[in-house]
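Next come two complexes, and both contain chain A; in the first it sits with chain B, in the second with chain C.
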Partner chain A sequence: MMIGLSEILELGLPLVLDPSVLLLAVVGTLTGLFVGAMPGLSSVMAMAILIPLTYRMSPQQAFGLLLPAYAAGTFGGAISAILLNIPGTGAAIMTTYDGYPMAQRGQAGYAIGLSCVYSFVGGIASAVFLAAFAPIVAHWAIRLGTREYFAVAVFGLAVISYLSSSLIKGLLGGALGLLLATVGMDVFTGVSRFTFGRAELAGGLEFVPVMIGVFGLGEILHTVDAGTREGAQLPQKIGRMLPELKHVLRCIPTAIRAIVVGMFIGIIPASGPTIGAVASYGLEKRIGKRRDQMGTGVPEGIVASETANNAGTGAAIVPMITLGIPGDAVTAVLLGALMLHNLRPGPALFTQRMDVVASIFILFFLGNILFLVFGLLGAKFFVRVLKTPQRILLPIVAALCFIGAYAARRSVFDVHVLVLFGVFGFLIRKIGITPAPLILGFILGPIVESNLRRGLITTGGSVSAFFARPVSALLLTLTLVLLFSPLLIRLAQRLHSALQRQPGKGASD
Partner chain B sequence: MRHYFNSFTVTGIGALLIAAFVGRYLTNIPFAPLRAGLGPAFFPTVVAVLIGTLGVLSVGVGVAQARKQPHKTDVQPLRWRSALLIAAVVLYSLGMQYVGLLVSTAVFLFVAMIALGVRLRHAALATAAASAAIYVVFDVMFRIRLF
Partner chain C sequence: MKKLIVLSIALAVLLSANVWSRGEPEPEVAFPTREIEIYVGFAAGGGTDVLARRIAEGMEPELGVPVIIDNRPGAGGLVAVQQVVNARPNGYTLAIILGNQFLQKHFKQADAWMDPLTEVTLIGVFNRDAWGIAVPVDAPYDTFSEFVDYARNNPGLPVGSGPPGTLYYWTWQAVVAHTGIDLTIVPYEGTALSLSAAAGEEVVAAGAGPGEAASLMDAGLVKMIGVAAEERVSVFPDIPTFREQGFDIVIGPWRGLVGPAGLPDTVRDRLANALENAYNSQRFQDFIREQGHGPFFRGPEDGMGFFREEDTFFFDLMDAQGQAR
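Let's turn to the complex of A and B:
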């Protein structure tokens, strides 16, 4: 189960060094950079569209395409954040605060170069963390039973719902995802549920068209509805790309803090790199050497955000590969890719398909090196890409969504499912429900249902038994605290203001 | 007049309708062929109750919001461009089985670009280029028949 560096290299390197895998890694990197840089196109959309192409590939080829796209897409978001003040991906949102002012001062190239170098630093740190920590978690996960798996999945859903703009809407998205996961034959009894007589639904809703529909077509319709952007107004001068060594060295303490924060938050199921970047920027603003200048265009702001979001990428893969619980929307898509290749994430993957695990570690490492090279060499090209009008680009991406959904199984029914979920994904966005909890609920649905029912059957229907084991008790208690925290905070605030209003009591209390 | 039409009331009513539909559907599915009543209807029932409860809460939040801000709504009407694009998407999915993926993709690209305000000549050029690229990548390279 425990896997060392020599074993990773021995098992994974021969598979990764295949020319087709290396070529796909370059294609994945360029796709990630392109999509990450383009506002309106997200990394998760790119991954969802790329997955059907991997249907006939080996797992190494598939992950050779997907993992570099993930790593490069996370960095790519910084390009438009710096040049346009619009984050290309959610994870680059904090990069706008210091990146855009730097670009306005004529330091766009320096800002992009710095974000590329420190995204690489964060990415490599997270690749090392993934390779070192995932086997330990997998080893520990063998001991987990049905109640623990249920608790981990419910905790993941609670975290992602909590992070939504509204807790009620986030939970509703998660619950709808759980409901969608019940479509098809019940594995315990063989009874069909919600199939409406369609043979295509007997095995449940196909993951690929649902994913492409919600994250691809739904996002496109949402962007069109919000108003498309014409060719962007870019800074006149991009300037020197490669940052000077003294500037790189100056930011090392910031980067170390960002790595720790990014990894710590990234590994929490369902929190992902975006939250890590926000937390890291917040920490830098509180304790950093140039905390007073944050937001005015200082390199530390870019480094805090970009190092943390890439440090979170590898960490987010850890719960996905070891427990089957995705760390964010992108790792949810990666989980789908594993399942598409008949690979079941969890401790068994580390014993039965160590070759796949080792190649995933190496490919993630490689992906980070590739985006450093192509990011620094090709950033000026990606700057030009930003001039592509969305009016032309979005219909082309929509067409790729259709063909992607069809390509996986060559099924017209899958295209209909894609359209249905595309429109559904658009409508839920319109009323403020973010699609990430929905997809996470859809993916975690089978884990939640089977472990809940199995747990209840073995304990004679006792709900309290779920609190009898330490890990499940801790996670379920945390879930309850998280869900009721808005209520508790409001109660505490009312109590505080009531105490302040009492005569003879005041701020001194 | 109070604006009860806000994102929370719409979400809540939608959730209640889904919960009601699921509840009605589950009356046809056995609840307890397994121990402790944990048959195939058990989990969807739990989820439907959760959705219904969240629906009630959402309507409650929506009504409270409407009382605080009586003339404000956060639900924007559908833009005509989006409606046109949705229509093009639906027509594409219905038409592709009759004319094949490549032809329907080309027609969709052209219609969608025109709907988004691209000039006729630019739309035609972009459609031709994109269709050719899609044919080469999917049909020739990945051998996914598009006809």
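Let's turn to the complex of A and C:
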């Protein structure tokens, strides 16, 4: 079942081309950009803020507000990742690796422009994919289950070993993240682990205060500390705004890989854009043309991350709109928006309310165009952040971190968590552990743990069953290759040079 | 000496303030005079959130003040209720309570809980959903009784549930206790995940409300073999109840409105009246019918009877498994 373009335009355009819907789309885009770009405020929060407003709107108005906010928020996370080394949303974690070094070299505007263009490319690719193949792909994706989720998460964990200049410190950070992920009620036995009798910890440590603590507050403390000791300052140079065309073109192969990976992972129910960006970055670091320079501030690193996370947005909508299965926290909010309007996702929506489906497609498309326009226009304003003196900038960012930690659950407890992890993030930087492996361990830990245990329960304890399904077999094999190929290559090189040193023996056979 | 006098005057003022603030009864002003907050222990956009927003919307015109939903997610709704337990009992801070809170009270493994029988004032229960069983569409059974027979011949079948300590885990335990079949209960982090596991045939069945499974039913991926309700769910008239099939199992998630313990009767009754009228409004009734939610109402008095029944039910269920506190 494919949906015709003409049908989408015919049914959807009249609904979308309504001044109120268009105005809301602009409001949604700006909110998404703002909230996404603010360290501490995530795109989930943008949606949570906006959804009560949609309560009395028409479905088109509601999605006109929400979908552009989702698309723009996913891009917006890159802005603070590049400027401040603090990812604005979880999906932008990988963008810090090359974005921030570029900003330090005075290429902040260039880096933002590049993420904007390639976020747009990823988003549009996934919008086309969503509109064309949603129902077919959803039926394939629903067959994926526990073992595939496990394999995806293990692949993500393997990427951690590539992230740090020091393998040991990278793995140490990842292991700390996995340890933190064990907090909360055990899904299989109901036993409380490290909760100290607090209801707030029953569901585990909240992602938002931990992430903005380690990344945000930790970075601020680190900067203040470095500044007081060395008198260091953030770079004040801004550089050119728009990326040069040849640089944009150079990244096309990277973008194609990122789109494939981002969409593939995004469509698996319950994964979402963050893991897609991680996997894409890891793949680029393994097979990309500039793999050796990744992490030092190369455009390919930004493109691998930003294209993939936006490619994941449209893909994550697929299982939500066709089967009512949300891919991440944001699509869960979108599902709620459908329910609020008495619309039930599924094939019935595609047959009975094709007007709603068509307007969702068009609005998602529109959202991507809007953030491209506002992102490129706004880039020169965003980079002015770097001109702000640190004694003014850092307290503002710190205040945003506190607001973000509190507002997600209106919880003072989470503010304590923020402070704790801010200090923790500062201390691990002191010993050379970077925050990204830790946060990835924290995100992926529960997915790996519960899907491994669940997979073993449903298959009667069979480990080989994890290799019995094509997708999980492929991903697990890729993981093994990723982990052991450096070792094998080194062994092969050593063998090769050993053979060359004894030419007589090598040449005789 | 002078200092001593000043000090004793100061102390007297302090003490009198204390007596005055305690002794004076709350002035008899009409309730409510300002906005009322309802804490919802789940994120915006979820099933409980949407229901709470609909009921709050209906209460607004009744009370003549804004009724605001405040999402404070955590621990299956417990975080929100705990905050209300510690709030001032003046009727301006309320929370949505669920059956989960009774489970947490009795579940041996849970280390955070409150007692809904003593620590809150019940205003009313305004919804009860039917729990049901969804199976892959080409499963070799179409009804619950066929499923039970199949499970008797194939012990240890994996079924998808929520984590222990949540309602959707103990609903399966109730099925096991009632029928004596041997199932492997596989916990999933949410109903969406366990349902998609059933659709993908990773498990032979998943526990879910018909409203939750509706999209997958429409897609032709799952079918429902029964619901644990007293009557068939009106928008899904083809799904038989367990009771019709000879199994007396009635169980499902419900939502109630509570305030802190010690809420004055006048305030409680005013709120209960508004809640009942909001529940009976055409708009709310249409909403729950269309979404496949179950109708159910208990006011403050008979609601306490319902609370005690739930309390005993979950204690007995857990006690039989050696899991009760």
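Everything that follows uses one rule, which is that the second predicted complex is superposed on the first by the 277 of 509 C-alpha atoms of A that agree within 3 Å, B and C clash if a C-alpha of one lies under 4 Å from a C-alpha of the other, contacts with A are read in each partner's own complex, and residues count from 1 in each chain.
In this text, a residue touches a chain if its C-beta (ideal position, glycine included) is under 8 Å from a C-beta of that chain, and two chains touch if they have at least 3 such contacts.
It should be emphasised that the depicted structure is a prediction, and the values quoted were computed from it without experimental measurement.
By the touch criterion stated above, A:Gly346 is placed in contact with chain C alone, chain B being left untouched.
Of the two partner chains placed by superposition, only chain B is touched by A:Leu456; chain C is not. Contacts of A:Val191 after superposition on the shared chain: both chain B and chain C are touched.
In the superposition on chain A, no contact is made by A:Leu249 with either chain B or chain C. Once the two complexes are laid over each other on the shared chain, residue contacts for A:Lys430 go to chain B alone; chain C is not touched.
In the superposition on chain A, A:Arg410 makes contact with both chain B and chain C. When the shared chain is aligned, chain C comes close enough to touch A:Leu144, but chain B does not. Comparing the two complexes, residues 186, 188-189, 191, 410, 457 of chain A contact chain B in one case and chain C in the other. Residues 47-48, 51-52, 55, 138-139, 142-146, 185-192, 195, 197-200, 202-203, 269-270, 319, 322-326, 329, 332-337, 339-340, 342, 344-348, 409-411, 450, 454, 457-458 of chain A touch chain C in their complex. Chain B makes touch with chain A in their complex at residues 7-8, 10-11, 14-15, 18, 22, 25, 29-30, 33-44, 47-48, 50-51, 54-55, 57-58, 61, 74-76, 78-79, 81-82, 85-86, 89-90, 92-93, 96-97, 101, 105, 108-109, 112-113, 116-118, 122, 126, 130, 134, 138, 142, 144-146. For chain C in complex with chain A, the residues that touch the partner chain are 43-47, 49-50, 53, 69-76, 78-79, 82, 107, 109-112, 158, 163-165, 169, 184, 186-189, 192-193, 195-197, 199-203, 212, 214-221, 287, 290-291. Within the complex formed with chain B, the chain A residues making contact are 53, 56, 166, 168-169, 171-172, 175-176, 178-179, 182, 186, 188-189, 191, 193-194, 217, 220-221, 224-225, 227-228, 389, 391-392, 394-396, 398-400, 402-403, 406-407, 410, 412, 415-416, 418-419, 422-423, 426, 430-433, 448-449, 452-453, 456-457, 460-461.
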